[in-house]
Every structure is written in structure tokens, then in C-alpha cells.
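Common to both upcoming complexes is subunit A, partnered first by subunit B, then by subunit C.
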Partner chain A sequence: MTTNEQADDAPAPALSIDDLHMAYVVRGIPRDVLRGVSLQVTQGEAYGLVGESGCGKSTTAYAALRYLPSNARILDGSISADGRDLTGMSSRELREFRASHASMVYQDPVQAVNPVLRIGPQVAESFRILGQSKAEARESALQALHRVRIASPESVMERYPYQLSGGMLQRVVIAMALAGDPKLLVLDEPTTGLDATVEAEVLDLVRDLRSETNASILLIAHNLGVIRTMCDRVGVMYAGRIVEEGTVADVFDDPSHPYTVGMLNSIPRRGVRKTDRELFAIPGNLPQIGDPLPTCVYVDRCPIVGDVCHTEIPPVVARSDGHWTRCHFPDKIDEVPQPEDVSSVAEIGDEEIIGIHGVSKTFRQRGQDVPALVSIDLGFASGETLGMVGESGSGKSTLAKTMVGVHEPDDGGAITLRGREMAGKATQRRHESIQAIQMVFQNPDSALNRSWTVRRILARSVKKLTGVGGDEADERVREIAAAMRLSPRHLDMRPRQLSGGLKQRVAIARAFAGDPEVVVCDEPTSALDVSVQAAILNLLALLQREQHTSYLFISHDIGVVRYLADRIAVMYVGRIVELGTTGDIFAGPVHPYTEALLSAVPSIDGVAADRIPLDGDIPSPSNPPAGCVFHTRCKYRIVGTCDTDVPPVVDAGGGHSVSCHLSLEQLPTPVQIVASGSDSPG
Partner chain B sequence: MGTNDKDDGRQMLRYMIRRVLLSLLTLGILLVVITLIPNVAPGDPARKIAGAFASPERLAAVTTSLGLDDSVPTQFAKLVRDVVTLNFGESFTRPGESVTGLVRASLWNSFKLVLFSLLVVLPISIGGGVLAAFKKDTWVDRSIVTTGLALSSIPEFVSGVILQAFLAVPIAFFKVSADPPNSGIATNLNYLLLPVLSVLIVYFGYIARITRAGTITALEADYTRTAFMKGMSTSEVIRKHVLRNALQPTVAVTGTQLGYLFGGLVGLEFVFNYPGLGRLILDAARGADYPLLRGGVLTVAIIYMLATLTADLVIAWMNPRARLSGGMA
Partner chain C sequence: MTDENVLDPASRPEEPSVDDPKAALAVPVENAGGLTRKQIQAEQRRVLLRSPAFIVGTLIVLFWIFAALFPGLLTTWDPKDFVTDANGAPVVREGPSGTAWFGTDKVGRDVFSRVIYGARPVLIVAPVSAAVAVAVGTLLGLAIGYYRGWFDEIVSRIIEGFLSVPVILLAIIVLFTFGSSRGVIIGTIAVLFTPVVTRTIRAAALAESQLDYVTSAKMRGENGLFIIAREILPNITGVIVVELTVRLGFAIFTVATLAFLGVVAEDLTDADWGVDVSQGYELIPNGIWWPTVFPALAIASIVIAVNLIADSVDKATKS
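Here is the complex of A and B:
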């Protein structure tokens, strides 16, 4: 137990973590996870923690409410909130603290509520704990749901969780978290896994509630854009230590630690494209929990490492007021290598290699027709990347699966290879058609046979796709592995022995085993950390330059799509509402849906001038709105036209087409990002 | 809000109807199989019953009493009639006694044994499982799991004999026979104690393990964390959030095991000389008492069906999502 030294008359910080050392005991051995974390969240402040997986940011978040697994050990340091020491609290005090002083919202709202209980009682429970009667708690729950902008709280109270969308459930979780009017709100990846449009709504809500309640916020996110738009200050965590801290503008625009610089360079920012430069992939791997890192935690991967870094813990060096870095050589920060410029550019061919002509896909569900794809027309030239964006449920993955022959398109549509129509089902396709279209999935774990070695996985694909066997196949496996930057020793490992990034490389190698024409990439980097994502994106761009492969690149990350894609298709309720070159899409004019989609993305470069909110959920494809499918959520809708007539295709020139009733002059341009000053946004 | 309540009620009702129809379908299939067996099984059942040296008249009489000279559809119709009217004719081996009466007496005995067993086995096993889940990877957990595993490898009729030898023989309080001389509740419980202990020995490990797994999943679930973060106490969290999710697999397993408890405890009933359904079926089979065998088997099958039906309905009550699936489309 530590006593709290309270500063003279300044109010105690909402959260104060001081030199916290923690370990998880695994098989009897304590493994270090936090190596001296210190941070303070002052009253009313929003503090962000960023870092890649395993850096200890979630452990820090849970430590703030002292909700730790039984194998966690606090080795040293203290945690206090509002001047109250958490480490010494009895379980009764801790319960009282959680009920009325601090609360938490986390990732995956669908799991965060009890699936077998109605929403009402679950929210009311948060008020019952505060001593309210059953009737009072019910009334309070109603108010709480109202407060998080749920339109019809009475009916939501009576529902079960599975009847609500993810965004709605996250509002419910936030409503429960706010029950005791907490002074401290800890948000652990609150919008990860939600669509950009839903994410933007949840973030808006948190921002509004923050000004209403004046609660302090500790926000954990791997998405730097979220931190930039939501927080006043940010701490960059690496291997259990905060290596840099300052205002969001200082840290993101003037990074002073080699890790921060590397991480920021691994993200496509400020509209950089694959034709401009590579992304920076930090060499080496993230340290594991428990790795011995006695001096600087970044020493093994640092490009400006010196002798002293191996012998002494780096000091905290102030850069400007409130901005500091934990580095021996902050003045050598400009020597950190910048990403390399790309010298050669992949040539985009003229001939259409794969064509999608009037392809529709209708599923039958409970005796009802569900049109998941409605007459899609797309063509892929060699060496071209077609980016595909749209909310969940817009039909992106259905299109991907139809292309590779998992789903058979409806009669009337055709998928062609060099002008020749191919069979709908993969099982009926000719060998060369199967070879021509391959796929890379989001989750390599489920795509790779767990019990096989990498060599066997690749050899099978080589045999299946090219027909060669024996020594020739072995040779080909070694070639592909080398092309994917996999070392020979990886060939004899099994998927579970590989990191996420390496597994995705194997999955890509598998897809490339038969020299495909088009590789369909469905969210291939969504599960990866940014520095690993950079390496995968570089690899995809490199393979394209060398082999002229085309990609259908599906991603919810607009920044990544902008970096990699030559053209972008925007999907909504099974239809392509806009198609154009990446430059044209970001310059505008654009479809109203595209405008809203682009404005929803939180940017790490600053704050969007104006966000265009999208009301309501994406309509179900089983019951699409009449006329323009987007009219129910469109702020430009023309009553009498948009709700009755299917929109015409507006030609914006240069192959840029927009399905909309607005004329070219009336179509909006995307919002621009303005660099925010060091004062807090909003 | 009212509309949603009504929707929920309607959903539950629709699920119940689907599930009951499915059970009736199962029963129908079972009746078809029971009808077909004597017709397709090798050898003449009437000959087996009447004996190798029976006179042709006697053989014909037995065949008629079995209904085997009817066409198969007629046999089936008669079987359905018997089930609906609960009239399975007279026993061969105990002339003058109706099968229904014999089955009813045994069923009542089995019911007493099963009910007492459940009242003992479920609380102890569920408690053990929940405790093991809470003390996961500690010596408490390991001893519960290991003990359960070791005990469940002893068949109930073996543990029954052991209990008789080490408890009933030296201590007068424990009874070698489970069939009490009079029917007072206390006496009944006293006499049933050792068979119930045998059932506990064989089932404790199984049910505790299922409960433990379900509880661990529920304890690690995010909604449990939410409940703790609300500031609820551990016992509240368990009562209000953990158990209802954790016990669904336990309910399902208990449902499927009920059928076995009613008809499968042949060895145990034999060891304790207890006239339950298992003994009835065994005796009927040995005495080639075909009507009694048929009545006994059908009873066990129907109980099994009712037990799984009840378990499914309980699960649907516990978990709203379960109401959407299952049963016929």
C-alpha cells in the first residue's frame, strides 16, 4: 500500500498510474508485461494510449479499474483515481468504486452484454447497484438509453441482444457505463470491428457525452486516427513502457521517438500512394510478453541505436512543454530512415483479363429472394488494383466469393477470362480458370491447414494449380517462399509456430502458387498490427510490379485502399454506386454515399472539416428501398424522384461513373482534412 | 413493449409446437421399427416363445396372440391403438396380469429411484463443477476432475456390490435390498440410499465436467466482465449472469441421461433386488414375455423422448436464441 502524495491544492488527477510494473504468471514463471508505466489523466481530459498488440495497453486499461486476471501480479508502482489508492482497496471498496466512480467500455459490444437477458434489466442492473428501487432503476435505464441517442428506448428495453446491431449494442454498453456518472471512463478499442460510419457515430456520441458529463477518458485504440480525433494527449506504448507522450498534434506531427516515427511511417498518410513510396515496415518482431528488456525496450529494432542503449535505461527527454520522449538520442531522430521511394511502377494493361458482366446473386432465405448482388459490371486489367469499399452487408464479400466460384451467379450474368465465359461454380471451372482467380482471406488461421508444414501447404497448391510434382514442385515452393520473403526455415514450421504476419505471407504464397491473373484480397490486413500490415501491403505492391497481377482489394480501411488501389468501387446494398480512379474519387465530385463514407474515417492527419452523418442502418438486401437504394439515408434526396426512380449513371469523365439523380455539378466533393492545432479538437 | 412480449411468447409457442411435432414423428418412427422387428428378425418369434417342441396348435395360438398373422399395416395400426389406449394385453409369464399394470408398478419404482438420484446427483455434481471452474487449475479443481473421472469408470452395479459389502453388511442402517417392506417416505429413502450413491458415483464426474466447462466459458465471457465492472459482487454475478448461460449444456446432458436412468439401470436393480423398469425388461426378455417386453421398451422410449423434449424446452426458456432454431423447419 502506498500513501497518496497530494499536490498542494490542484485537484488530484482522475487517474494516476505511477511506475507500474506488472507480470502474468504463466506456468509458474512471472512474465513481465508492464515495465514501469507512468501516466496521469487530469480531470476532464481525454488521454489516448496507442501501441501494437502485446504492448500492454489493455493491461494498463484494466489495471485502471483493477480488473485483472488471477495470474496477474502487480510487482511495483501504484494506481490511484481521484486521490484514492486502488491497489489497497478491499473488494467492497472496489465494487463501490466501479459502480459509481469509474467504468469501462470495450471492444465487441455483441459479447459484452448477456445474450440470454433482455436489454432493459441489464441496463437497470447498473442502477440497482446504486441503491435504486426496481421501478426507479427501470426509469433510469430508460433515461440512460435516451441519453445515448437510442431512438425508441422503450422497445429496445424489451429486446434481446441478438436483435440489435453492433452499433446499437455499443450504445447500450455506454449507457450502462455511464450509470453511476463516472468521473473516469476507460474505453478499450470501443469502435474496433464496427463499420467506419458506425464508428463515427459512436465517437460523436462519446465526444458529446464527454462535454455533457465532464468525465475524464482513457482511450485505448490501435487506430491512430481515432486517438487523434478524440484525445487531448497521447502516450505511445511499446513493450510495456510509454516511450513518448505529448499532445496528439505534437506526437503525430512531430514524433520524437524512433518507434513512433516508424509506426507513423508504416501507415499510409496524407494521401500517399503505392506509386509514390513504400510503407515503412519496422524490421524485426514485436517483443513477446516476458522477454528480457533490461535497458531501452526498443533497442533490438532501433535504427539509431548506440552503445549506451544496450547498457542504460534511456532518460525522459523533454521536447517541448508536455511533450517528451524516452530516448538516448532524441536529436538523431532525423536519421531514422524514411520509407523508400518506388522506382518502377506496375504497368496497367489495356486488355481486360477478368470481366464481370451483369453478375447478380440472389439467395433464397426462408422462401424469400434476397438479392445480394444486383447486376455488377467490373473489369480487371493486368497489374491493376481495384479497391472495394462499403459498409458491412453491402455485398463486398459476396462478390469476392462469386468471383472465385464459391457462389454461382444468377442466370444472365457472366464472369469471363480473356473474353471467354467461365463456369459459375469453382468445381465446374476449367483448370486455367481456377488457376487464374485466387483468394486471400482476412484470417489466415482458418485458411491454412493447421497440422501441415508450410512446405506441404505450398507444395499441394503448386501441384493443384500447376500440375507439376516432385523436384520441380519443391523448387517452385522454394521460389515462391523466397518471393514472399519467407526464409527456408519457415518452410518446415507449422502455421501455429508463425506470427500473424508470417501466416498471411504463407496464405499469399498459396494464392500465388499458380501465377494467378487476379487475386481477391478480402480484408487481408485487418487483423494485423500496422507495422506488419505495412510489410504485407509492400509485398502485395511488389508482387504486382513483378508479376503484373491484378487485385480485387476489399477493405474497410479507406487509407489502405487509397494507398494500394488504382481504381475504387463503392458498394451499397449489392450495387456499385460509384466507380472511378483513386485520384478522381478523392478529388470528387462523388456519390453522396461516398462522401459520407469518406467523412466518417477518423484521420491521423487532423480533423475532418465536417462529418456527414448517415442516419439509420444499411437497409437489408432482402427488402431494398425503392428507387435509389441510398435515398433513405441521403441528405440530398429529391422527393418524388429518388424514392421512385432507379438513378441514372452520371459520367464524370475518365471512366468515373456515379449512379445518382444529381447532376454532375450538384454532386458533392469529399470533405478535406485540416491539420488540427495543439489545442483540443471539437 | 407489449408487442415484443407477445412476439416472444409467440416465438416460444411456435418453438414448442415444432418441437412436440418432432417428438411425435420420432415416436411414429419408433412404432414402425417395433412393428417391423418381429417380422424381419431371423427365426420365428412365436416358435421361440412356444418352445421347439410345442404343438402346431400351441404355435398358432402364440402367433395369433402376438398378432403376427395380421398384415404388417394392421399390426402397426394395432400397436398405435395399444399405445393410445395404454393397453398392451396380458403378460405371458404372469397370466392374468395386464402388461399396463405391471409396467405401471415398475415405472413407479423407477421414478422413485430416478427422482431421488437427481435430487442428490444434480446439486452435488453442479456444485462440484461450478467450484472446479472457479478454482480452475488449482488443487481443488484437479481433485474434483480426477475424482470424478476415476469414479465414473466404476459401473453402478460394481459400485453397488462394493457399497453392499462395505456399508450394508457391517452397518444395519444401510440396506442390502432397495425394496422396502413398507412404503413410508423415510423408509423408502433409507432403502434407496445405496443405489442412489452408486448412481452418484457413476454420474458425478460426467455432469461435473460438463458443468465445469460451461461455467468456465461463461466466467471468461465478456458479459461476465461487464457485470463485474458494474460493481456487482461475485455471488450476484454468478446468480444473475453466469449460471443461466453455464448450465445449458448440463440441462441437455441430464435430459439425454434420464432415459438411461429409467431403463438402463438393469444391473443396479438386479444387485439391489429392486423391481424397476430395467428389471422388468430383463425378466420379460429372459422369459420371452413378448407383450411385457414390448410394453416396457415402449415406456422407456417414451420417457426418453419426453425427457429430451423437456430439456430442449428448458434450454429454450433459458436462451432466447435457441427458440429460433431446432425442431422442424
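Here is the complex of A and C:
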């Protein structure tokens, strides 16, 4: 029996998942991952799924195309698209279905393309399987690349994947996904690995294509801002079940499930700062797949839990039209505790503890000099957080590694500790210098030796950094572990046994082992879920209040930087283009690059009034543009000045400096976020 | 199998890998309160013990170890004795029978006894040479993988040079030059295998060196020796174990091959699988297959068994 797609009666939903139960078989044991997921994506709708890692949102996405690994088992429930049941399809029918009805865009475009095939034949392949001849497919591929607005598609056709940037590759992947004019497009974290500026462009493209093709979209993202700006409706997933569903405005502005409330409170929203209040950290841990959760999935962490929650599965309670929550006590939602206000404020000293003076770092690659850092000047006072933002490739991590002595700066620059110059390499540094600067890395899995116990990791750093040993060192390990809210039983565990948040606590404990003056935090929370991130940011703020430590806080998350940083430095192609207090940066005037960067961030509070697009890619540091390095992408560029002369530093007052040819009056102010509902702003 | 293990720096034995297509890319799954390391190891052990490949492989290897230790318990005839029937008459070139289970060879010795006794030389030479090769290769691979630079360049070129010459040819030349005592055989095979091991360990050490815990160690001023021995080495033991089992299989094979070619045996009357195959194979056209096929099967069985174990251990640690 075939289904008529142009049915006259009410059209079948583009995707309908009904009470789906799924498990993965791991080491011979089936482990529950979806515990009754139901959702519908109507024709032409964009539906978002949010939730923390391990909640099953990706499994749901893959299930939507029945694209599942061999150890997945569908235990119960049904999946249908366009009225066609996917659960019963043969593999041949499925192939045909995926070719013509639905397609998927994955998180990492680099892994989604074949690295040894040129882009042209690769995109053409998507059309070949639709039955087109070689010449037709090539023509269609070119059209497809035009459609995703790739600059000079003819030349892109001839290039290999490694020659394209992440953003361009994701466009290529989208072009391939659209080959069969799919009615359903599943996007699984399509912008997660991309810079905010590139992310904004990809999201713009998806939005445009959606109105062009009228395809339905199922979008998976952990970034709530992306969901808010892209989707009509959103489902909040937790432990394999959708706990709340509604329009994005309803769910994000009037959350009705304790988990949604907790998750939203854990994100720095509406310009909140570390001096205002703490972030809300949901107590407890996410359940693992396979954990038995017979009643409410959130019962172990819920602040408004009652007796009935332990015995009965919560009902679906409608809040308003189309907005429902799966909770026994939706009326008690106001009793969910709010984050605590911060009473004391860390004092910022006026003496410069660590100074970076004219530091450059040039790498030699294939006989060519690559200036990764160009004459950086920064100073850290005690108790101060310097936030650092910029696209990837701007030199943020190089600066961090140069500070801690992994890279040696070029001759001429100096890193000073209380005015005294320190050696370039950590192995040549004096003991106090090593002790003074430590670092917290992005990924605790990589940063902690997985064959060492927590105790050994901490004890080694205590011994190396403070020189004490024996019982004294043991005592110190217990002290710092307690200060990081690690319990003594964690000390004898290995990193693998700890959750992501606990691992990052261990990494922070290690950095604090020798009472450092400055801790370099290189994206310390970007590998963590938002509720865990909140706890880590709270911890960092608390340690700063108590120990007056300074931070160099590198992050791509502008909201997090705004929350934690006292001053913000904006980096571009190895240069600091703007430096100022957090208040000044967000109030403006700002550097044109900063303006674009701030406008690119998808906000959970609403939509940026006007996004400033950045054309092209960040220039390679090996061949930086002449004059102002930003002139190639700057919409305010003055021809004849910006492309020839290095810009002067404009003093905007209060220690706020901008490297730009524009005068103070000409500099732009950052765009404001308009709180908006599902109706798009004018 | 081994290459996969080596090239994948993220292969972590204890990880509860869910074959979720996204799991590899995603941020780490929250783990506290979930499975402990012990539970995971217990589950991995259960998978291993239930794996038919592992069971079969282990049984075969155990049998050969027993044969090497107590060959007299399994056989009635001495491998050098000539088999006689009930009347005391010699039994030469007879097929398998109740008297001689695997038949008798061209001079009348019991093929079964020779197969059982033949386990011992192989089980001494192969494990020792594999162990030496893995030990030396690990040290060298760790050093060049961590330090890189010109040291790595030079050693890597030498390794490539080594790998471009056929193994057996080199072995024959060495054994002809230095004689074929057991020590020389072990040394020769160890030297032949070291380059491959070095390359494998180098790749693993290189991947580890790029992880941030090594950066962190450098940052607190640790020296290279500490980083290699205490930080990196414990994290590549899985690779080393797999490498050891794989090399063991190859070593058995190489020992038998060299014996067949006649470059290792000092006394041709000693029971040795490779020698026996070479002594008997010209009789096959005459229909006398048993003096050749049984020792050959013995070689095949132990090589396959070791590989079965290597594969199932590899699979279980990755599950």
C-alpha cells in the first residue's frame, strides 16, 4: 500500500514519534535510553529538542530516520513520517525514504564528508542516487552550492574538504542534505563546533532555506539560544523523556517543569554578573542510560518533589494551548528555589601582579614565519577576571600557553611577576613563577591523567608547586579537595569514574594546588552541560572572592564571559583589538569586530535586533592583511586608510581602548537583544 | 585490529561506549552514580568469558602449554624412538592407527609424540623473543614519540629501512652468520620485530603527548623522563598488551618458518614442528601426508589460538 502524499484531508505530520522506547545493548545488557518519547513535527514547522548530554535527544534524532546503530533496540512505540510507518520498513524502503523524504545534517561537517573526494563529485553523488546522469548531477550540484550561498561555487566544486573552513563545509553538507528536496530535515547540533560568527551565518542560511523549501525541521541543540532563535516549538528532554513542550516563548519565558526552570536558571541570562547573583546549579547528577527510572525521570533532583512522585508516573498537564509539562505539581513551580544573591564582592587590587609586555609568538611552519601573537600587552591585578573572546584561530589559546610557559615568547617581549621578568619555558622558570601561573583546560578528559587517582594528581601538583611532601602534602590535598567541594571518597577514584563536572573540579583543584596568582582558564566549561557549567562558574567566582586569584578567562560563550569577567579583551588574528571593562564593552562604543561578534551570539532571551554579518573567513595569521587586520571583513572600512595603515589606539576613557581608524564618535554600539516571542521581529 | 587501537588516541579501555553515533563526538556523559570502574571491568570480563573465540583460543593455548611442560604425560613413545608393533616389528610410514595416533614418519618415529614434544621449543623461543621485541620497542617508541625532533627523524628512517627488507631474508643472513643457538634465534626475531613495535608505540605515545595532561605536567616543570615513565606509559598498557599478543602469533609463525627452512635446528632429530614439516613434505605426493599435515596443523592451531585471544581481548577492552 502506498500513501498518497498529496492527501486532500489534513496532512499527516512531517514526523510523528509515538511513545518510543529504545535501548542500547552495551556489553550484552540492554540499557534504556528512551523512555516513551512522543512528539510531532507538523508540515513546515521547526521543532527543537533541548537537553543535556545523555538525555537521548540525538538518539531521538537518529530514530526519526531510523538511522540507528546495530546495538540499538526499538522496544516499543512507533515512528512515522508523512504518514508512512518507519518501524516496519525494509532496508530498501528505508534507503528510498531517506533519499527522497528526509535527510540529516550532523554535528561535525569534517566527519560528514569524504576527505579524499573533491566537493563537486561528492555533492553530485547525492543527485546521482536520485537517478540523474553524471552531467545532470554535476549541474544540480552547482545549483545546490549556489543555493547554500557558498562564495564562488565553481571553484569550491574543484576543491577538497580540507581546503574549506568549517562553516563552508557545513554549507556543503546542507547542500547535500537538500538534494532530494526533503520534507523533513533533521539537524543534529549543526553549529556546535563552529564559531559564533559562523554559527550565525549557518543559522541564517537554514532559516532562509526553510522559508524557501517549506521543509519541516527537527533541530537538536544544547545551546538554548540556537533553539530560541530557530524554532517554533521546543521539547525539553530529560533522561529519555520529553518533560515539557510548547512554543519557544512559552517554554523559555514561562517554564513549567522544575527541570526546565533549573536549566534556565543555570544560564547567565539578561546580562547578569557574578557580582549580582550565583548561577543555579541543579543538585545531583544526570541519570545514566540504563538507570531504572520507573516514575518521574527527574525525581532524584527535583526541589519540589512529593511522595506521589516516587510512586506514580506524572501526568501530562496542559499549561496553555500547546504548552504542557509532565509534572505532578506544576502549580508549585514558583517554589523552585532561585539562585542566591552574592553578598560579598571580590576586591580588585591596583598593583599589577602578572604583566604581559609586548609579547609576540611566531611559529615556524614549513619554512614560513607564522606570527600567532603580535605584541600583546595585558596586566592582571589581584582578584580580577580578564575575559578573552575572539573566533578560533585568533590566538587565544596560544596566549594562554605562552603565559604558562608551554610556548616560549619571541625575543623582546616579557612576562613579569610583580615586575620581575620570568623565563619563557616553564622548565626554566623559577619556582615562584611556575607556582604563580597555572591553567585549567577545556577538556578535563584530556587534562587529567586517566590512569592516576585524583589523590595522586593533586598530590603531585602540591609537591611540585609548593615543595611540601609527606603528611603535610596529604593534608593540603584534603584541604584543596574540600575547597573544591570534592568529597574524600573522590580522592581514590580515577577520572573515568567521575562526572564531567567533578573532573573539571579536580582540574581546578590541581591549578589551585600551589596558591596561584593567575589561573588561565581556557574554555573551562565549554565541554560541560549548562547545569554543570553553572556549578563550575560559581566555584570559580567563590575561589576568587576567597583567594583573590586573577583569571584569564577564555571563552566563546559571550554570556559566560559577561557573567564572570571584570574586563574583556577582544582578540583578532593574534592582536588585541579592544580592551575594556565588561560594562563598557556591552554599552559601547565598541570596535566593529566586537560589534559583529556580539551580534552573532544567538540569545536565549530573544533575537538580536540586527545581526552584523561578517563576510569571509578569519585571515590566516601566516598572511595577515596589511594595515588593520580586520579591514577585509569590516563594513566601516575606509579605503586608503584601513588597508594601509596600522590603526591607532582610540582611548574611550576608563581604560577602554579600541584599535581602530574610526573616531570615538564613529565607533558603533552593540546591538540590543529584543525579547521576542515566536513572532519574528520586524 | 592493533592499528585501529593505536591510531585512536581516544580508545580507553574502561569507557562505557554506547554505539550512539554521536557519542564519539559529544561531550562526556555524566558518570557519577552510574557504573563504577569495577562494574565495568566485571561486565567486560563477562563478555570476554562468554566469547567463544576467547574460550577456544585459551583452551588451545593451555593445551600446548601443558604439552610443552609435561609432554611425557600425553604420549607413549619418545619422539626419537622408533615405533614397534606388538611383535616388536618396526612401523614405518604407517598411517594413523591405535598404536601411533598420527601415524609414523619416514624413519618410523611417532608423529603424535613429535607434535606434542615439538611444542616446547616454539613456546620458549616465541614468547621470549616477542617479549624482548615489545620491551625494546616500547622504550624506543615512547622516547621518539614524546621527544620528536631529529632523534625521531633518524630512528623513524632506520625503522622504515628495516621494514623494507623481507623479514625471513634478514633472519637467514643473521642465523647463517652467527650460528643458530637458541639465544641467537631469540635475539634475531626480537630485532626483526622491534621496528614494528616501535612504530606502533610511537603512534600511541605521540597521541598521548598531545593531550593536555602532558601539557599540564610540562607546565609544573616535570622532566621528560617522569612524563614518559609515569604519565604516558600507564596509559598505553592496553596497546602494549595487544601488541604483545599479536607479536607472539607472528613469532610462532616465524620460528616455524625458519625451522622449515632449516636455519635454526641444530639437531634435526629433535622434535620440532617446522623441521618435521620440511622433513616430511616430499612424501605427500606418495600419499604419506600425516608426517607433514599434523605438525603443520599444530602450528596453525597455536597461531590461530593466539590471534583469537588477541582479538577478543581487544574487543572486550573496547566494549
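The definition used in the following text is that the second predicted complex is superposed on the first by the 670 of 682 C-alpha atoms of A that agree within 3 Å, B and C clash if a C-alpha of one lies under 4 Å from a C-alpha of the other, contacts with A are read in each partner's own complex, and residues count from 1 in each chain.
Note that a contact is a pair of C-beta atoms (placed from the backbone, for glycine too) under 8 Å apart; a residue touches a chain by one contact, two chains touch by 3 or more.
Quick caveat: nothing in here was measured; it's all calculated off a predicted structure.
Following the overlay on subunit A, a clash is recorded for the pair subunit B and subunit C. Ranking subunit B and subunit C by residues of subunit A touched puts C first. Judged by the touch definition given at the top, the superposed model places A:179 against subunit B, while subunit C stays out of reach. Of the two partner chains, neither subunit B nor subunit C is touched by A:328. Of the two partner chains placed by the overlay, only subunit B lies in contact with A:113; subunit C stays clear of it.
Contacts of A:159 after superposition: subunit B is touched, whereas subunit C is not reached.
Applying the stated contact rule after C-alpha superposition, one finds that A:28 touches subunit C and leaves subunit B untouched. By the touch criterion defined above, A:637 lies against neither subunit B nor subunit C after alignment on the C-alpha atoms of chain A. Judged by the touch definition given at the top, the superposed model places A:100 against subunit B, while subunit C stays out of reach. Taking chain A as the common frame, subunit B overlaps subunit C at a single listed stretch, which among 39-47, 111-119, 129-137 or 165-173 is 165-173.
Once the two complexes are overlaid on chain A, the subunit A residues touched by subunit B in the first and by subunit C in the second are 67, 108, 111.
The residues of subunit B lying in touch with subunit A in their complex are 1, 3-5, 221-223, 225-233, 240-241, 244-245, 318-321.
The residues of subunit A lying in touch with subunit C in their complex are 24, 26-29, 31, 33, 52-54, 58-59, 62, 67, 69-72, 107-108, 111, 188-189, 284-291, 401, 404-406, 426-427, 429, 434, 438-439, 441-443, 445-452, 460-461, 464-465, 493-494, 496-503, 510, 527-529, 532. Contacts from subunit C toward subunit A in the complex involve residues 12, 14-22, 25-37, 40, 43-44, 46-47, 50, 211-213, 215-216, 218-223, 231, 234-235, 237, 319.
Those residues of subunit A whose C-beta lies close enough to touch subunit B in the complex are 65, 67, 91, 95-100, 103-104, 106, 108, 111-117, 125-126, 129, 154-155, 157-160, 162, 173, 176-177, 179-180.
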